[in-house]
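Next up: some structures, all given as structure tokens.
Common to both upcoming complexes is chain A, partnered first by chain B, then by chain C.
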Partner chain A sequence: MSVLAYPVEVSGAAKTFRDFWLRPSVKAVDGVSFTVKSGEVFGLLGPNGSGKSTTIKMILGLLKPTAGDIRVFGAPPRSIEARKRLGYLPELSYLHPFLTPRETLEYYAGLCGLPRREAARRTDELLEMTGLSAVASRAVGTFSKGMARRVSLASALIGKPDLLILDEPTSGLDPVSTAEVKRLVKMLSANGMAILMTSHLLSDAADVMTGFAILDKGRILAAGAVKDLKGTLGEYFLSKVGEGAGFKIAPFLA
Partner chain B sequence: MRGFLAIFAVELKSLVRSKSLLAGFVATVLWMWFLPEILTSDGTSDGARELYVKYSLGAVFAAATVAFASAAAGSMALERSRRTLHLALVRPVRIFCIALAKTCASGVAGAALLLVAAAVLLFKCDASRPASRVLDPELEPVSAEARRMYEAYMSDPDTPDEIKKADRSLVIGILKRKAAEHYATIRPGETASWSFPAVPAGAAKASVGFKFATAFSGRYAMKGTLFFADGEKTEIEEFTQETVERDLPQAGKGRGVKISFRNGGSEALLLRPRKDVKIRYSMSGDIFAANLAFAWLELSSLLFLSVSFAVFLGASFGRSVAVFAVLAALFVSVAAPAAVEEYDGEVSAPRMERISSAVSRAVAAAVMPFDAVSPVGDLASDRRIPTGETVAVFAADAALIPLAFAFLSAIAARKRED
Partner chain C sequence: MRSFSSIARFTAREILSDPLSLLLTLAAAAVAFTGSVMHCHQFGEASRMARDASFSAILTGGILFSVFCTVKTVRCEFESSTLEMVLSHPVGRIRFFMAKTTGSVMALAVFLFTLSCLSLTIVRGAWIGGETALEKGDVASMWGPSAALAFAAFTLPLAFAAALNRAKGTRFVLAAMRTMPVLAAASVVYRFDCAFVARHAPGLVLLFFPPIVFAAAAAAFSMRFGSGMAAFASIVLFAAAVPALGNYCLSNALSGGGTIPWRYVALAAAAAAPAVACFLAAGAWAADSVETEGEKGI
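Take a look at the complex of A and B:
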């Protein structure tokens, strides 16, 4: 594994799901290629069912590509080397409901192999940073969606990752917390962390992203840098994907 | 290792915080404590004690196996459906480690429950009660006797054609089971002899036990003379079906023992040499408390085995399918050997019955190494559980097989994700 390797290299990745009889049923991703550099906030954008989540799962090593190649810091995504440098915030907060935030963070610190003392220190830091110190001993099963989201975010950061994958990071957060998360993302990327994120909130995404790729029907429609856009990211997105795609409103209202 | 410990701790916390473990402990203590109040026996205190040990610990083991195996199968599948498994899989920890940690957590919790049961048992029973080691007579192997019976059947003109044409291995299999239960007949005035391996010179107490029957299985007042190799003899007068126990003369220890019995009654006596004649002896330290420790270790190992299989099913299927498959597998593994023992007439059976019989036999053969271990029965009958057996059971059921299942679970979980 080279230290100079890109945090994420996706070349010609494709994923076809098969049915019970192993016949190809859905081509979710079809020859996607892009790279994410250190210090970059790269957005994977697209309408529902465009292949964003499948692409992210392949980068995380949860799914095996049917074709193409994916490298995380030059290593296969399923290798221990790649996973040591990776943090992941899923779209929904998947937490053990009977654990407290402190125990949750200590659990993930254990999975990341952090020594006990460092795990305890890092847990305290992240509880403080996410504003969860006061409720650190309450079971997360009793938390609101927004508070659970904070626990998930802290869990994603516990292993000091070099690559952070955020799936709808501001989903379920109030405006103040959303602003804090955006500030955090900017700070982390300024410190050299590579960030790959998806978001449907294009105005929020445009505030933090530096590069992006727009996916539709498993293919990349467009890619580039946010600073090079003439108008807003939202306008550009709609011009590529098409307004009202999938909806037939006019006949319904008639 | 840190990853393994983290998952292990979370699994244990899940069991503790769901209160299911606490409920299990309370139910176990109540069951173990109050069972003697509802258990009826043949009236002897030894009989009552044997029933108590057998059904108290046996029931806790059965319930713990079903409960913890179901929980372990559900745990892996539930983590997949909750997606918390995904969050573990993207960390630098191997799936093998996840499966093994889940197995160990459920296994340790189950072993703790069995330990509670064992502690109550120790409190309720005499801890210093002697446990005996058993020596069986030196007889020809069952397979050799079965082959001999087969040759005799085949050369007998009265043997039906369907048996002569039947598959040899099938008939030999039936004859093996018959040989294990084979009755020897001792007619009035006849003498039967059995040779035993040496009783260790340091044995604290040694005795020989018999259980006779008659052709009609009634309670017949039998009598006869027992001869020991050194010319010592003792007269016996007892009802058939009762166990006759006589001390072995001191001179018999340290070398092979030959024991003969002359039927002094007026009716033929029957006896299964492989089941009804035994020498029992004790060495120092052969007490109930030590035997209970061996039994606990064996039962915990068997529980580990069930749990590791359950985790494998949980990694392979959805929660409901995995839990159902675990329960079905546990039922079949218990039922198949019993069905095979009860039903051995497949030579003349219809085709479907022969197929289902073959399936039962295959399952029984697969579970035979585990089914052959019966620590609860040995503990109840004060038979000292052999140390070698406990070591072998622990190594296989609590270490090697769970490791293999964890490996298979990792493959199954990955395949399922893809």
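Take a look at the complex of A and C:
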């Protein structure tokens, strides 16, 4: 694995899902290429079903690309070397409901191979950072969505990753929590962490992103730097993706 | 190694926190108790019936415990999408599968140990009481204080956990599942008979192998199929294995003060090992090729 490799290099990646009989059914991603550099906040944007989550999962090694090549710090995504340096915050909080935040973080610290003492210290730090110290001994299953999201974020950061992948990080959060997440993203990227994120909330995303790529139907329609845009990101997005066919009012509602 | 032990310990704890494990353990204990005291089945063979009832509870209960608890803990990772979180960390897929299976076997060991101690207590009590007490229907005299201790092993933990007000869902179950083996072991230690335990130990160890094989099978099936299909496949395997389980003629070997040589235990282990290895290999292959498409979460 090259020390100077980019955090994420996607080259012509494609993914075709097959049905039970192994016949191709859905081409979710079709020839996607982009690069994420250290310290960059790169946004993968697109309407629902455009292939963003599928691309993210291929980068995480959860799905195998049907074609193309993906490298994470120069290594295949499924390799241990690649996953040692990345953290993942999914859109929904996939947590074990009977564990407390402390137990959750210590579990994931164990998965990262952290020694017990280091894991305990890191757990305390992250509980403090995410404001969960007061509820560290409460089962996660009793948490609100925002609190569960904070546990997930702490879990993603437990291994001190160099690449953080955020899937809709501000989805479902109140304005205060959203501002906190954006502040955290800026702080982490300023410290040299590469961040790859997806978002539907373009106004929020534009506040933190430096680079972006717009996907639709599994293909990249446009890519570039946010600072080079003449208008807002939302306007540019709609100009590329279109405004959609619109809802058709059924006759009985007219 | 740290990640392996983390996953294994977590899996064992997850299973022991599941009300299903407590239910299966109590059900097996109930079968062991009631099979011994039902007079209509005695036919003048009190100690043999007590032993057969408890041994069958260990074997059948152990297989059911291993199948349902293993399927549940593995499929839960898929269905709740926590598998995505786990595999986004530096954990190999095969290592993950092996650790989950190891954790299932660790939880199974708690069940098997608890029921084994209970079995020794029941059989010992029936042997001490003898035929006369049985004919009188004097259960308390037949079993003696040992049986009372064994019964307490299953009720005190529940009362204890509830009294401490830590009885909130899974923590109540975990407290009970952690305490039962301790009290069950205490019931054996009370009026400990080394020769008695040594005579029955090989037979008890023989009963451990089928549940371990089924745990490996259930884990392998769960990596490939959904919960229902994995459980169904495991039960079909159980049905197919019933004729082979008929070779477990433990009662004949243990009657009249007999014992089972440890070399037979070694032979059984050697027979079970390839089956476990095959299932582990199949599960490892399935783990390496699995693709997650999770949508659920909190």
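Worth a mention:
What we mean here is this: the second predicted complex is superposed on the first by the 244 of 254 C-alpha atoms of A that agree within 3 Å, B and C clash if a C-alpha of one lies under 4 Å from a C-alpha of the other, contacts with A are read in each partner's own complex, and residues count from 1 in each chain.
Note that a residue touches a chain if its C-beta (ideal position, glycine included) is under 8 Å from a C-beta of that chain, and two chains touch if they have at least 3 such contacts.
Only a predicted model underlies this, so the values are computations on that prediction, with no experimental measurement involved.
Three-chain overlay on chain A, with chain B and chain C in a clash. Between chain B and chain C, more residues of chain A are touched by C.
When both complexes are overlaid on chain A, the residue A:28 reaches neither chain B nor chain C. Contacts of A:126 after superposition: neither chain B nor chain C is touched.
When the shared chain is aligned, no partner comes close enough to touch A:193: not chain B, not chain C. Once chain A of one complex is fitted onto chain A of the other, the partner contacts of A:145 are limited to chain C, with no touch recorded for chain B. The superposed model places chain C right into chain B at 379-387; the other stretches listed in 181-189, 343-351 or 379-387 stay free of clashes.
Where the contact sets of chain A with chain B and with chain C meet, they give residues 60-64, 80, 83-84, 86, 88, 90, 92, 94-96, 98, 107-108, 110-115, 155, 159.
Those residues of chain A that touch chain B in the shared complex are 60-64, 80, 83-84, 86, 88, 90, 92, 94-96, 98-99, 103, 106-115, 155, 159. Residue ranges of chain B in contact with chain A, taken from their complex: 2-3, 5-7, 9-10, 13-14, 17-18, 82-84, 86-94, 417-418.
The residues of chain A lying in touch with chain C in their complex are 57, 60-64, 78, 80-81, 83-84, 86-88, 90-98, 107-108, 110-115, 139-141, 143, 145, 148, 152, 155, 159, 165. The touching residues of chain C, counted against chain A in their complex, run 2-3, 5-7, 10, 14, 17, 80-82, 84-93, 168-171, 291-298.
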